[in-house]
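Quick notes on the structure that follows.
Labels for the chains are A, B, C and D, by order of writing; each one numbers its residues from 1.
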């Protein structure tokens, strides 16, 4: 058995060497450089290679998103909606095309030039505008890049789908919260109920 | 040669309790190979499968070659063992266990390779049919889905087939060991006491498994061949592929078995158990398969050549006369020219002789799979889109790693399970000694487990 | 180690926290308030004008909102802005009618090229070292205007030179005016493969010093001498549209295309009949055909009366061009010559055209006049015509003389715009040496190339899509065309349009210059030039100048509604008799004709830095990212050269090395190389890739026009290495296949 | 009536200019592989112009043949996919659902036309080249198969537009990027079910053939053979 210990040490050495070989292979891959070596834009999405870290990849893989992202401005949907503003006042384009505009300082200040100018949050917006900066809103709803979803708002709105069906009731929220998990089951469920196409290529292309 | 039940037990249990230095060297080498493969796979996962040599249009190469190769190797064990059991060939007794182990491990490797080769291995679970909110199922029309079911069935079946006759031996180990080891083997032995009722159940179960596993094994490799034959690719789209692959699989399987037996005999000192007669008999089987393989290859090539369809001929000449000719003719030499004389001439059909023949057959059969996969993909219909393939170090490493994994599993298996079925040897001993062989199932002869 | 790999390892070793940190750092880039209001996800289509070749096709730019990383007020940040996503042809534009070629579509990458010069830079290292440092626009402009002022004050205003590629439209006008009022000599226009010979021939034959326009849609028979009119020559999109029609656009009536050349071009590959003719003898062949037509009176009386007499012996029926004699000189059999003469005259409407290599011989003008004479003999329906012009200015013409001027008398100061003579001029022009003698060079280049690397100061121009663009079509349309477009997108970088910079400099200089160039910005100048077109019958019918100006911008220009070309000026000239082409290098020492040809992907080489074009497989060889030399397989066999081998091509002027491509479409006594690769210094995608065939050209010129005879060099070739040294990347057939893929059916 | 999208490739009109190739790259976010990867056979061209030489000097002939996904009705790539990533849409498109693709590459092997391309790496663009990316089209990620979609994003956009305007989508309202750029009109795209469409008329031309038609894949792309001057004018 004493012999064994020696051999086990040998085994350890071999294992270390093997790992080192693996690491060397990764550090100095025998793959020649791509078209360029300079800073490249790598598409976000998919598993590890595209993510900044393995952790981020796993989060994406298991579909974890922050439910209530912290926004730079404590905007309140509740108050604005209560005052009777329609969604499209700020979210321009949502009934015309795929995307909804996230309003910037210009939109905010078009009213708040004169309304509630003394509120601290409004002052913050004014300060952004003064610096020539846009409000760095944090995205609440989005699809993982690897889902390859080409969602288009306009047909949904034309079909009379209520905004709240996907974005939950914003009259009860300040900054938007991701209350509804927009996964494929959610979409399929509604599409099936409304008897619209559930062909893959309706959304994925 | 005085072989007694005690002697058998002592000889066959020895490897479980004593390990030589050589054993640990072997384990170390196998482990490092396996780990190198794991590292290479990790690298592939991070960088993308582009670190392999695959390209357009050669989308499969080493990966699928190795997959078919290992699935082919797996046909040694279970199939041979089952047939020999069913035909009650008594010489099979020392052979079955190591053959069945080869099956289980090579199917395992064969099942892992496709998981590594797909572009997004983390989504491999989509092959499993499970109800989900997405309302989508695997595509049951795809040969790959058939593969998934066939191989998982085969893996389960052959594991069971290996496990069942091992139960009495687990009990044997349980009874002679102490401490943790005893606890483990107690679990593995499933409460085996050697009662007539248990023997009867075991025999019935074995018989059922032996009957069931033969069609499963045949279907598995037929389905593997359908991965190719179901496409329109020239030289793939052939109805001969099913039997051709099954024959090839048994061929390479027997070769692998002979090699494994030769190594076991040498390193575990089982000269008394694995005797020349076993090699001689398996050698005859190998000879038959070599001739059969030649017949299939000849028939396949002849029909392609005689049919003279241009897309097929492009592939045909590529493998016979152009870039792949060296590999093709090496394959013919390895699978036919070398093994046939060795195995046909009785004087050469020794343990060394059959081992050499088997080694060339293993190499030759690997080449055969490579030559099925790559030249056809390189030369599909439109010549403008033809391509070439060279493997990279990642593929080399992964391939070496699959051999490392096989070796490691086998080495570890030999440490935990007697490589030759103790109880079957004892049965053999009794029948050899002239004691009328009475089936234990009838509960009249107590084949006692070691006390 | 690449950044990518670094990330991989870091992730592997579990340094996730750091990386999460890095990522949020990127997120923390400030965002600027958008400078334009766009609805996200909805495309707007804006007109523009293609500037990558002289055809001047009309573009439609698909603009969508996106987020770009920009620098504003010295700070880096993100901004939402309209981004050009795709270039399409403008369906209303008379030249390209909604279609666009590969090079035009790829020019989108000029806007987003990662190696664009993003702000003014000043040289700090030695010339050509490529070492520059950033400088502010104010400082840079101060420096330039100081230089200009000093030069003018010291009385050597004539020592300012401007070198540019030929610019049609107001940009050229602006430069010319600037120089004239400053007191400098007129701008030097330079680009390789100039069309001086053909313009001169057309002036003599037809009275128009311009490239011809072809109404191929009405042609029944096209005999083409060397012109790659479907690929790179003249107005390829317009000609391809006509070609499609003449092939299958008229049920029951399909035209025949006969291509005469020694190396099969893309056009030749489409021909119904491809005839190899000895290089430089195309004119003789044309006259051989004309001889039959005249002798057998196949053409109507009086045909060819104008261009014909420019050829000696025309009145006598071209006695020296009997088919048998022509066969000896051209290598084309007399039987074929006779048949062509009959086919040409029996077809409804035929056309003969010439372009490219036949003009690039010492006897280029003779070849052109000969083909023009044949053309006027067979072209009953005016397939060949000339595009009416908006103004009366002759097309801006590039010439080698511009470069000779630089080296003969180096100016004190040189302004450079979109010309890269260090790369594209033959070695005899000694451009590099000439530039070294110029004390101060300012470039308006967007990229560092071989020539702008010699500059002392670079004032980067906007990309075309960020600028006001205009163009006057020289050919390609039966109507007069003046294209115009406002910027399609806002500028991405801290660049300024050359035209505005020049106008600004003029203002600072004051005096005559400021008086001649009173406009604050280039669009004002454009407006002044465009508005007078309102009264002419054309595509815009409005009452006021403002409306006209708006309509021109939305339409992408103005085009006339009439298609009458004024008759050309009569230019007298003594008849020309046949001259044999001269070649540099004796046939014994240099056994092969050498043909550098305009590349399908890179044009004259100025587009070699676009990755889409680098990865575009050449249609005949399927080569990508490579330089190659085409050799006949028989020649290859004889010299032991195999597909993909490295071959050394030596002329009297020097040697280049390139991979061999064995091609059945080339005469055994000729080798050909595409132009475009071989850049020493031209962004990450083109630098150090392949070889430049222009660098071994002999200094022979066409005898009458002085234009470079770029097809008049002879070379010898030898195998210099195996495929591993040559690195030929083919899209077709992988590495093992011979180029003769034969189709299985 | 349901649409059935198809294409006609007129080999007599095709000049081999490859405008379609660049148009496709620009429209469909096809990454540039770079020299090294291209040399390894990983350049992606959803449409390519194949060139076949016939004969030798002095009488060589060239045959250009644009090859793109043939959108087969009996597509060999479809049944072999174990996850339904490659499947047939109700409109007869041979669709590739990127997010469902696990990357077995079986479809690419089964495709007789070699028009399927695999993402061996995650695509990369040197900044700011990524600003050109078409937001209407997915950027495919590593391990995913991709191929010509008949510009499905344009089909979808046109369908949504027609639906918004409450009318039928008609042939000719839109076309694919390749057909749009094709100067000689060698590529014609349209609705084969609309008997008045140009594509339907041309598809039934007597010059029409199917690429590798003998394989029974029933492509929705029809090739029109080259004509000859002699046949057209003297036959």
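To be clear about the criterion, contacts are C-beta pairs under 8 Å (C-beta built on N, C-alpha and C of every residue); 3 or more make two chains touch, one makes a residue touch a chain.
Please read these numbers as outputs of a predicted model, since none were measured by experiment.
Student: Any idea which chain sits dead centre by C-alpha averages?
Tutor: Smallest centre-to-centre distance to the global C-alpha mean: chain D.
Student: Between B-C and C-D, name the chain pair that shares the greater number of C-beta pairs in contact.
Tutor: Pair with the higher count of C-beta contacts: C-D.
Student: Between subunit B and subunit C, tell me the centre distance in angstrom, where each centre is the average of that chain's C-alpha atoms.
Tutor: 64
Student: What is the distance in Å between the mean C-alpha positions of subunit C and subunit D?
Tutor: Each chain's C-alpha centroid was found; their separation is 30 Å.
Student: Taking each chain's centre as its mean C-alpha position, how far apart are subunit A and subunit B in Å?
Tutor: 47
Student: In whole angstrom, what separates the CA-based centres of subunit A and subunit D?
Tutor: Result: the chain centres lie 32 Å from each other.
Student: In subunit C, which residues are in touch with two or more of the other chains?
Tutor: Answer for subunit C, listing residues that touch two or more other chains: 4-5, 8, 11-12, 41, 114, 611, 622, 684, 732, 734, 741-743, 745.
Student: Enumerate the residues of subunit A that touch no fewer than two other chains.
Tutor: Counting only residues that touch two or more other chains, subunit A contributes 23, 26, 29, 31, 33-36, 38-40, 42, 46-49, 98.
Student: Spell out, as numbers or ranges, the residues of subunit D touching 2 or more other chains.
Tutor: In subunit D, the residues touching two or more other chains are 32-35, 37, 41, 43, 48, 50-52, 84, 87, 100, 121-122, 124, 126-130, 142-144, 212.
Student: Going by the touch rule set out above, what shape does the chain contact graph take here: line, ring, star, complete or other?
Tutor: It is complete, because no pair of chains fails to touch.
Student: In the complex of these two chains, what residues of subunit A are touching subunit D?
Tutor: 31-36, 38-43, 45-47, 49-50, 98, 145-150, 152, 154-155, 158, 197, 199-201, 204-205
Student: Can you name the residues of subunit B that touch subunit D in the complex?
Tutor: The contact residues of subunit B facing subunit D are 47-50, 52-60, 114, 117-120, 123-124, 126-127, 136-139, 141-145, 148, 227, 230-233, 377, 380-385, 387-388.
Student: Show which residues of subunit A lie in contact with subunit B when the two form their complex.
Tutor: Listed in rising order, the residues of subunit A that touch subunit B are 3-4, 7-8, 10-11, 14-15, 17-19, 21-23, 25-26, 29-31, 46-49, 61, 183-186, 188-189, 192, 198.
Student: Using the touch definition from the top, list the residues of subunit B that touch subunit A in their complex.
Tutor: Residue list for subunit B touching subunit A: 19, 21, 24-25, 27-29, 31-33, 35-36, 38-40, 42-43, 45-48, 50-51, 120, 122, 132-135, 392-394, 397.
Student: Could you list, by residue number, the parts of subunit D that touch subunit C in their complex?
Tutor: Result: residues 10, 12-19, 21-23, 25-27, 32-35, 38-39, 41, 43, 45, 48-64, 124, 126-135, 177, 180-186, 212, 214, 224, 227-229, 231-233 of subunit D touch subunit C.
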